[in-house]
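Every chain is named by a letter (A, B, C, D and E) in the order it is written, and numbering of its residues begins at 1.
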Amino acid sequence: MSDVKTAPAAAGVEPTGDAPLLEVTDLVKHFPVRSSGVLRRVVGQVRAVDGVSFSLQAGKSLGLVGESGCGKSTTGRLLTRLLDPTSGAVKFLGHDVAKISQKKMLPFRREIQMIFQDPYSSLNPRHTVGAIVGTPLRVHNIVPRNKTLARVQELLEVVGLNPEHYNRYPNEFSGGQRQRIGIARALAVRPKLIVADEPVSALDVSIQAQVMNLLEDLQKEFGISFIFVAHDLAVVRHFCPDVAVMYLGKIMEVGPRDRLYEQPHHPYTQALLSAIPEVTAATVGTRRERIRLFGDVPSPIDPPSGCRFRTRCWKAQDICAEVEPPLTTLVTGHQVACHFAAPPTVEDAKASQIAAEVAASGDGEVPLGAITP
Amino acid sequence: MTDATTNGRPFLEVEDLSVRFPTADGVVAAVQGLSYSVELGKTLGIVGESGSGKSVSSMAIMGLHDTKRTKIDGLIRVEDTDIVGLEDEKMRRVRGNLVSMIFQDPLSSLHPFFSIGDQISEAYLSHHPRASKSTAKKRAIEMLDRVGIPQANRRVDDYPHQFSGGMRQRAMIAMALVNDPKLLIADEPTTALDVTVQAQILDLLQDLQREFGSAIIIITHDLGVVAEMADEVLVMYAGRCVEYGAAKEILTHPEHPYTWGLLTSAPHLTGDPDLRLTPIRGNPPSLIDLPKGCSFEPRCPYANRLPDNRAAEVLPELRPGGRGRGHLVRCHLPNPEEIFVNEVQPRL
Amino acid sequence: MADPALLENIPTEPATPERRTLKSKSPTQIALERLRQDKIAIICAVVVLIFVLIAIFANVITSLTGTDAYATNQDLIDEYGFPMINPSAAHPFGIEPRLGRDLFARWVQGARPSLQVGVLAAVLSTIIGTIMGMLAGFAGGWIDRVISWVIDFLLSLPLLLFVIAIGPVVATRFGNDAETVSTVRLWTLILVFAFFGWTGLGRLIRAQVLSLREREFILAARAIGVPRYQVLFRELLPNLTGPIIVFLSLSIPAYISAEAGLSFLGIGLVEPTASWGQTIFQAQNYYQTYPIYFWQPALGILVLVLALNLLGDAIRDAFDPKTRR
Amino acid sequence: MLGYIIRRILAGITVVLVAMVAAFVLFFVGPTQPEYAICGDRNCTPDRLADIRASLSLDEPVMKQFTDYFGGIFTGREIKTGGFTKECPVPCLGYSYVANDPVTKLIVERIPVTLSVALGAMVFFLLIGITTGVYAAIHRGTILDKLLVGGSLVLSAFPYYIVALLAAIYLSIQYEIFPRGGYVPLTQNPIGWFKGLLLAWFVLGLVYATQYARYTRAAMVEALGEDYVRTARAKGLTRRKVYFRHALRAALTSVVTILGLDLAGLFAGTIFTERIFDVQGLGILALNAFNVGDLPLIMGSVLYAAIILVALNILIDIVYSFLDPRVRLS
Amino acid sequence: GGGTTPSDRNEGSQSTATAKPAGGEFDVILNDKATGPAPEVEGAQQGGTVTVLTAAAPETFDPTRSYYIDTLSVGRLIHRTLTALYLNKDGKYELVPDLATDLGKANADFTEFTFKIKPSQKFEDGTPITSKDFAYAIKRSFATEELAGGPTYQQIYFLDGDKYKGPFKPAAQGGGEDYAGVETPDDETLIVKMAKPFPDLPYYLTFPLYSPIPQAKETKENYGNKPVSTGPYKVKSYQKGKSLILDKNPNWDANSDPARHQYADQFDFKFSQEPLKLQEQLIADNGIDKTSITYDNVDSSLLPKIQGKPDVEPRLITGPGTCTTYVYLDTTKITNVDVRKAIGVAYPYDNIHKAAGDSPLTFQPGTTTYSPVVPGWQNFDVTGTAAKGNGDPERAKAMLEKAGQLGFELVWPYSQDNPIAVNTSLARQKGLEAAGFKVKPIPMPREQVRAALDDPKAAINMRPSGWCPDWPSAATIFPAIFDGRLIALNPTSLPNKSLLNEKEVNDEIDRISALPIAEAPAEWAKLDKLMMEKYYPVVAVDYAKNAFLTGSGIGGVVNDAYAGGPDFSKLFVKK
C-alpha cells in the first residue's frame, strides 16, 4: 500500500498559477432532440445542464444533490470529458479540460477519475477483477507489465478485498464488493479528483456505510478531491463539507453544509430536507408537518420561464415567471437562486399543503400567487 | 376505524413460515420460522437488508411462488382462509382481491404494452367477471383520480412509459386498490423514487389506509420510512425474524445488534457529520449453508462477549425483550439494553 | 501501510502462500478450465476433433485402410448398377452403386470439403458480421446507416439465385480441368456464403453493441483513457462471445447442409471433391434400395451438427461468468 | 411515425435499385448464353442465334440496354421479341426471353401460389412453433422440453430437400396420411387448394416451427421472469391470461422481428418446397430464369424479392410499433 | 431432323440385353385404304381421367413448334393430320390416311403431292376443315423465327423452302400470304410442291406441324396455349411447365379417324414432377396413382422395388425406343480411321452404362447408326465388341501401336453439374486410358457443353451425343447428320458432329433420298454398313429402350417406340 502512496506523480498536468483544482464556469450541456420527419431536424434541446458554475479546492469535496434527471450525472460526465460541453469551461488546474483534444486527454484522464452508481453495469462482466483494475495501469503505463499483478493485488487490499480474488469475475461479488472494485480501478492511477456518481445509492445501508468509510479514508490518505453526486441528502451531508443543490440543470443553492442544512433558504432545498424520513424519537409513529411538493419535475426540453422551480413552488409570484433569479450570496455565506429566499418557517409547510391540495383538486397545477404566505 | 379483528383474530396470521428453493447449488432457505400477524387498520413494517427474505415471505402470502420450484411450510391465514397449499383457482381469487401487492420498480412492474387503464380494469374485471368493460374503465379512472393523478380521465389511456416515476407508482397503487383489498403489501414502494416523490407516496398510503381501514405491510430497508409509517416492525436477517414489536419500541430501544447496525450505519440529517459511520462489517451470509448457530454471529461485534462459543453453536430463540410489551428479539446477549444505551446510542 | 482503519470491519484473510504463486488468467484460460469440467463438452469436442482429424488426414486414413475414394470397381457392380458385394474388410462401408468407388474412403474424403465449406464460411462470415455489427453499433451516425443499408441490400438479394448465377461462371474462368474447377468451386462457395451470410450476425451484434454501449463499464473505460479500438475489442468484444459462438456453432452445420442442398440444384461442389452433400444428393434415390449409401453421409452430418451445437452451447457457457455449474 | 416510414421507404428504394443494378451487372459479367437456351437443342442455326441476340437486344451496348430497361419500368416501351414487336405498358419489366410472356404477367400469375404456400406454412409454424415454445418455456427443464430442443436440432441437421422429399414419399405416397400435393387456385376449388397444399404447409411449417419453438421458448422464458408478469399474477389473473396475454404478448415482439425476414424469404419463393410438393411458384420461376439466363425474368425476380424484403421490413417495423407503444411514440 | 431425346440424355448410356436384334421387324405397312374408326383396343372402357406424370416441362403445345417426342405424342391426341402413323395390334406400324382420303398422289420424282381432304370434318368449334387450313399450317411452318423450335425439313425440301419466311413477315422480308409451294384449287384439294425429291413426305405430314390451323384463330405465339383441336381431345386448360388438361372433343369424327380413340373422359398431364417422387407414386399405386402413368424411364436405383414384386413388375412396360447413342468422332482431328476404330474397340460399354445408371431395361447394345425400329435395319459389328463388355483394351492398344498413335489424345466436354455426366465421363476416361489413349475430359457448365458440342471450333475431338429418327426412315438420319455438305453450309454450327465429308457417302445420300418409301430402307442399310466399316465416324453405343411404369387402373398400355412411351390415345381407365 505504501507503494501506492509513493507512486510517481502523474506526468503532464502542471498546475498553472494558483488556480483551484477545479473551476467550472457556466457549464452548459444541451442534447439535441430531433424530429421524426424525413430530415430529422433538430426541434429542441434537452437542457440537461444549463449554466452551472462552482469551484473546488484541492483536497476538498463538493456534494451535488438533486432529484432524478436534474443533470447531476451529466455534470459529472462533463467534468470527466465523457461528454463535450455545449458551452462553458471546466478548468482543471487552470487547463480547460473541455478544450483539450481527445488525443491529449490521456494525462488528464490520469488526474480525474470516476466511480459509478451501478456496481453491476460499471464493471465489465467478461473481465476478471485483475483485468478491470489492471486496465488503467496498462493504459497509462504505470507499472511494467510483470509488476501489474502485484500492484493490482495491493490495490485490492487497499479497498479491502481479498487479493486472491484476482481471477474472479465481478458477478461472483456482492454489490458492496463490486463497488470496491470500481473504487480500486479509479484509484489505480492515483487521481487528484474523483467524480463519484452516486457511488452508494445502489447499496444496502449496512454496506453503504462500509463504502462511505472507505472513501473517506482514501480521501484522507491520498488527499483526493471528490465531486460527490447523490440524491440522498444525508449521505452528501456526511461526506462533503460543501453541497450544491441542483434542479432542472441549474444550481439552486450551494454552500457549506452546516448553513445549507440548517438554514436552507431555497424553497426547493427546504422541500427536499423536509421530505426525508428520519428515525428520531420524535418522528416515530407520527407524521411530521412536512413541506409537500405537488406535481412533477417539468421537462428539461422546455423548462419553465424565469425560475425553474416556480411551477412547484408555493411561494411563486409573477416575478418568478419573468425574471430568473441569479445565484446570490447570502449573509449566511452560502448562495441561493431565489427571489424569496428565506429560512424555513412552520407556515411554509402549511402553505405547501394547501398548494398541493389545490393542485390535486384541479388539473395538477397551481396558478402563480394563488397561495400567499 | 373499523373493528381491528375478525372473529377476534388478526386479519393476517403467519406462523412458522418457511420458504425454501431447491436449486442446483443446494437448498436456499430464504425464509425460516417466521411468525407475525397484522390487524386491520394497522401497518407492519418489515426491514432488513437485501436478500433477507422480505420479498419472499410476502410473496408467499400472495401465493406467487412457483409451486413446483418452491417448498413452503407453515401457516398463513388470511381472514379465514389458509393460504398455504391452497388450490390455484381459489388462491387466484384471493390475489388482488383480498390481498394485493405493489412492487418496488413501478416501471418494470407495469406491462409496457398495455395502457394504464387497461391494466387497472383488467385487475377489476378478473374479480368482477360480470362487470362490463366500461364499468371497469370508469372504475379505473376513479381509482387514478383517487391516487392523485391529475386529469385521470385523459391519462387513463396512456402507457406506463408516458408516466413519471411517481405517477407510475400511484398507478400501481390504484391497481392494487381497485378491488378494495383488506391487506396491501407494499414491497419497497419508494426505493426507486426521489425523496419528494417518496413523501407524496407515503402520504398517499397513509391517507388511503385512514380511509379504508385496511392493513398494510410495508417492506423497506429504510428505517426512516418505517418510523413514519409503521405501527409494528419486523426486522429480518438471513430469512429469520431477529426482532419484532411495536415500532416505537423497536426504533427507540432496539435490542438486536443487527438493528443497532442498521441504525448506526446510515448517516443522519442532524448530528455530527464528522462522526464516523459504523457499518455492519462483512457481508450477508449465503442462505444455502447457514451457520448452525446465530446467523448474525460472523458479523456481530458483540458475539465475543458471550461465554464459550454459544453464538456460533446455538440458534437463539425469539424471546421477549427486556422492556416487555410484545417486543421479541432473537439474541443470546443477556444485557442488550445496557449495551444499546452505553455503546450504541452515543454514535447516533 | 495505510491507515489500519481502512481495513476495519473487513475480515481479511492472512496472505496464504498461494498468493505468491497466483497467476493472472485470461478469460480464455478460465473458460478452458471450466470446459474441462464439462463431460458433454469434452465428448462433443472429441467428436468434433475426430471429424477434423479425419478431414485433415483423409489421405493417410484411406491409404492405411487400403481404400481409395477415386478408384472405380465396376466389376463389382451388376448390370443394374447395384454393388454385388456386402461391406467387407476391403470396403468397410461397401461400395458406391454405379461406379463402385469405396464408400468408406469417400466418406473420409467427404469430411474434408464439407468441413472446409462449413468452417471457413462460418468463420469468415462471423468475422465480417462481428466487425460490421460492432462498427455500426459503436460508431453510429453515417457508418451505422451505411452498414445497415448494406445489410438490407444483401438480405434483399436472393442468395440462392446468386450462387446459381455466380458458381458455375466463376469456376470456368480459372481453368478447364476437373481439379481446378472443383477447387475454384469450393472457394467460390465459401466466399459467397461468407459474403451473404454475415448479415444476421451483423444485425444481432449491432443491437447488442447499441445496448452495451450505454453500460457504465464502457464509460469507465473511456474515463480511464482506453483507446477507442481497445474499447471496441477488449471491452465490447468479450461481451459478444455469446452470440458469436452461437452463430458460429449454428452456421457451420448450416453451411454444411446448405452445400448439400445446393448439390440438389446442381450448384454444389463438384467432383473429384467427394463432399457429403454431393454424396447425399447422388444417393437420394437409393434411400430404400441401398440405404447405407444414403445414410453414411447423412449420419456424418447429423453427428457433426449435434456435436457442434452442444459444444457451442458449452463454450458459450464456459465463457459466460454468470453460468455456474 | 410517418416521417420515419417515408425515410425507410426511401432507403428501401435505393436497396431495390442497387440490387437490380447488381443483378444486371452480374448477368453481363457471367457468360450466360440465353440465346442457346431459347434456340433449343434442335435446329439451332447460327442465323437463328444471331436473330435471337438481335431480338433480345443483346447485341446493343450494355448501357443502352440498361437505360431501356429502366426507362421501360416508368414509361413503358415497345419490345421486339421472337420476331414479334409487342407493346409493354407501364410498369414494363420486359418480356421473358424464354416464355415469351411479359415478366409482370409471369410474376403476378405465380404470386397467389407462393403466397398460399408461405402464408399457410406461416400459420402452421406459428401455431405449432409458438404453442410448443410456450409449452416448453412454461415446463422448462422437463424431458419434453429437452426432446423439443433436441428434435429441432436433428431436423435442422438434414438438408431440407431430403426431409421434404422423404416426407412426401412416406407421408403422402406410401402411407397416404396426407393428400397428394399440387396447387389448385383457392378461388377455383377451396377444398382442393387446402388439400393440395396441406403437406407442403406441414413440412415447411414443421421445419420452421422447430426454430420458432426455440425463439419463442427463449423469449417466453425471459418474459416469464419479468416483473410485470409477477404483477399480472398478483392481480389475480388466470394462468391462461398471465401466460398468453401478458407473457406471450411481450415475447412475441422479438419473434415478430425474425418473422419479417423469414416471411420475406418465403414470399420470394421456396424452391425445394415448390419442386417437391408440386406447387410451382416464384421460387421455381426465378430458379429457371437464372438457369437459362432469362435476363428480364431475372431482373423481375430480383426486383420482386427486394421489394418484398424491403416492404416486409417496413411492415414489421410498423407492426412492432403497434405491439410496443414505447416505439410507437418515441 | 432429330437431336437428342427429350430427357436430354446426351451422354453415354446402356448394356447387355438378351434379344438379338434381327432385320425387318419394323417394316411399315403403307395402308392407303385404312378408314376409321380405329380397331378397338382389347377390353377398352369409356370414361375416367388418365393422369400422366412427367419430370419434363414441355415448352409449348403450338403444333408448329412441337418437335420433342412428348409434345408430338400429346399433339396427336389434339390434332389430326393428313396422314398418321399407327401401331396396330400385331405391333406393326401402319402409315394410314387421316384427314386425307389417301396417302397422297406424288409425281414421278416426288416433287409434287396432291391430297384430297375427307368431307365434313370439323374443328372443335364446329367450323369445317378445308384445304386452306392445311395450306396455312404449311405457311406457318416457315415462321421459324417467330415460332421457333419446330421441325425444319420444309426449309430443305419444300419449294422455295430456303427463301420463304412465313406469313408473319412482310413480303419484302421474304414472308407474306403467298407461298408458291402450296396450292388449294378448291376446299378439298391440297397440292404441295417440293424443291427436290421427298418421297418421305407422307411420313413428315404425320407431324402436328401440318395439322390444319384456322387462320382466323391465329394468336401467333400464344396459339400453343389453346390450339384449335381436330383430334379426339381439346385443350381445357394449359399452364406452362405445370399442367395440361384435355377434354373430349365433341366434334371429332371417330368414323373418319383410323388412328385414334377416345376412351378416357379426360387427360391430366402434370409436368415438372420431382423424378424420384413420381416413380415412387407409380410403384406405390395408391389412390389417384392407380390411374396414372408416366412416359419417363424408370431409374435403375428403384428396380429392386419393382423386379420380383408381383404387384409392381407387371406394371413396368418395356420395349424399344427410337434413339441411338453415339460418340461422334471428329474425323478431321482423328484422321486415322484405325484410331477411330480403336476407340470403338477400347470403349468401356458396360462400365459407362453402369455409371450412367442404365439397366438392360433402358437400352440394348447397338453397333449400327440406327436402331431396329427403322425399317430396313441390318445388324453388323465393325469393332467386334457387340457393344458389350468393356471393350478390348489389348486389341485397341495393338491397333494404336500399329497406327503409330499410342498415346493419342482424346478430348471431350462434360457437364460438371450433372452427376450422371460426371460419372460416365469418368468411366469413359478409365476405359480409354487402359487402351493407351491420353484422355482429357473438360468439365463445363451445362450450357457450355451444349455450345461446345455444336461448335466446330471447340478444342475437342469426341462429342458424346446421339440421334433419334423422326419417323421410321433412315432419311431422317443420314442426310441430317452425315452429309458432308452440311459442314460448309453451317460454318458456325455442327449438325454433322463427326465432320465427315466423303463424296462416296454424300452421293449415296442423294441417290437413296430420291427412292420411293418402299425401296429406300434396304439401300440405307447398305450405306450404314459401308460408312461404318470404311469411315467409322461414330462409336455406336446402344439403342434406347423405353421402360415406364403405369398404374394398375390404366389399360391399353403398349410401348410405342415413335411415341416415346405409351400411345396415349389407346389408354383407358379400368372400371
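In this section, a residue touches a chain if its C-beta (ideal position, glycine included) is under 8 Å from a C-beta of that chain, and two chains touch if they have at least 3 such contacts.
Just so it is clear, the model here is predicted, and its values are computed rather than measured.
Undergrad: Any idea whether B-D or A-C has more C-beta pairs in contact?
TA: A-C
Undergrad: So which chain ends up in the middle if you average the CA atoms?
TA: Here the chain at the core of the arrangement is D.
Undergrad: As a quick test, compute the distance in whole Å between the mean CA positions of chain B and chain C.
TA: Here chain B and chain C have centroids separated by 52 Å.
Undergrad: Averaging only over C-alpha atoms, locate the centres of chain A and chain B and give their separation in whole Å.
TA: Inter-chain centre distance comes to 31 Å.
Undergrad: Could you tell me the distance, in whole angstrom, between the mean C-alpha positions of chain D and chain E?
TA: So the centre of chain D lies 40 Å away from the centre of chain E.
Undergrad: So which bits of chain D are touching at least two other chains?
TA: 31-32, 165 - these are the residues of chain D that touch more than one other chain.
Undergrad: Spell out, as numbers or ranges, the residues of chain A touching 2 or more other chains.
TA: 210, 213, in rising order.
Undergrad: For chain B, jot down the residues that touch at least 2 other chains.
TA: Each of 279-281 in chain B touches at least two other chains.
Undergrad: Give every residue of chain C touching chain A within the complex, in rising order.
TA: 1-3, 5-10, 12-13, 15-16, 18-19, 22-25, 27, 30, 215-217, 219-227, 230, 234-235, 238-239, 241, 319, 321-322
Undergrad: Which of the residues in chain D end up touching chain C in this complex?
TA: Interface residues on chain D, with respect to chain C: 11-12, 14-16, 18-19, 22-23, 26-27, 29-32, 153-154, 156-162, 165-166, 261, 264, 268, 271-272, 286-287, 290-291, 298, 301-302, 305-306, 309-310, 313.
Undergrad: Could you pull out which chain C residues touch chain D in their complex?
TA: 149, 152-153, 155-158, 160-162, 164-166, 169, 172, 200, 253-254, 257-258, 260-261, 264-265, 277, 280, 284, 287, 298, 301-302, 305-306, 309
Undergrad: Which of the residues in chain A end up touching chain B in this complex?
TA: The contact residues of chain A facing chain B are 67-68, 174-177, 204-210, 212-213, 216, 231-235, 237-238, 257, 261, 271-281, 283-285, 287-288, 290, 292-293, 295-297, 359-360, 362-365.
Undergrad: State the interface residues of chain E toward chain C in the complex, per the touch definition above.
TA: Interface residues on chain E, with respect to chain C: 15-16, 276, 299-305, 350-351, 353-360, 390, 416-419, 422-423, 426-427, 430, 440-446, 448.
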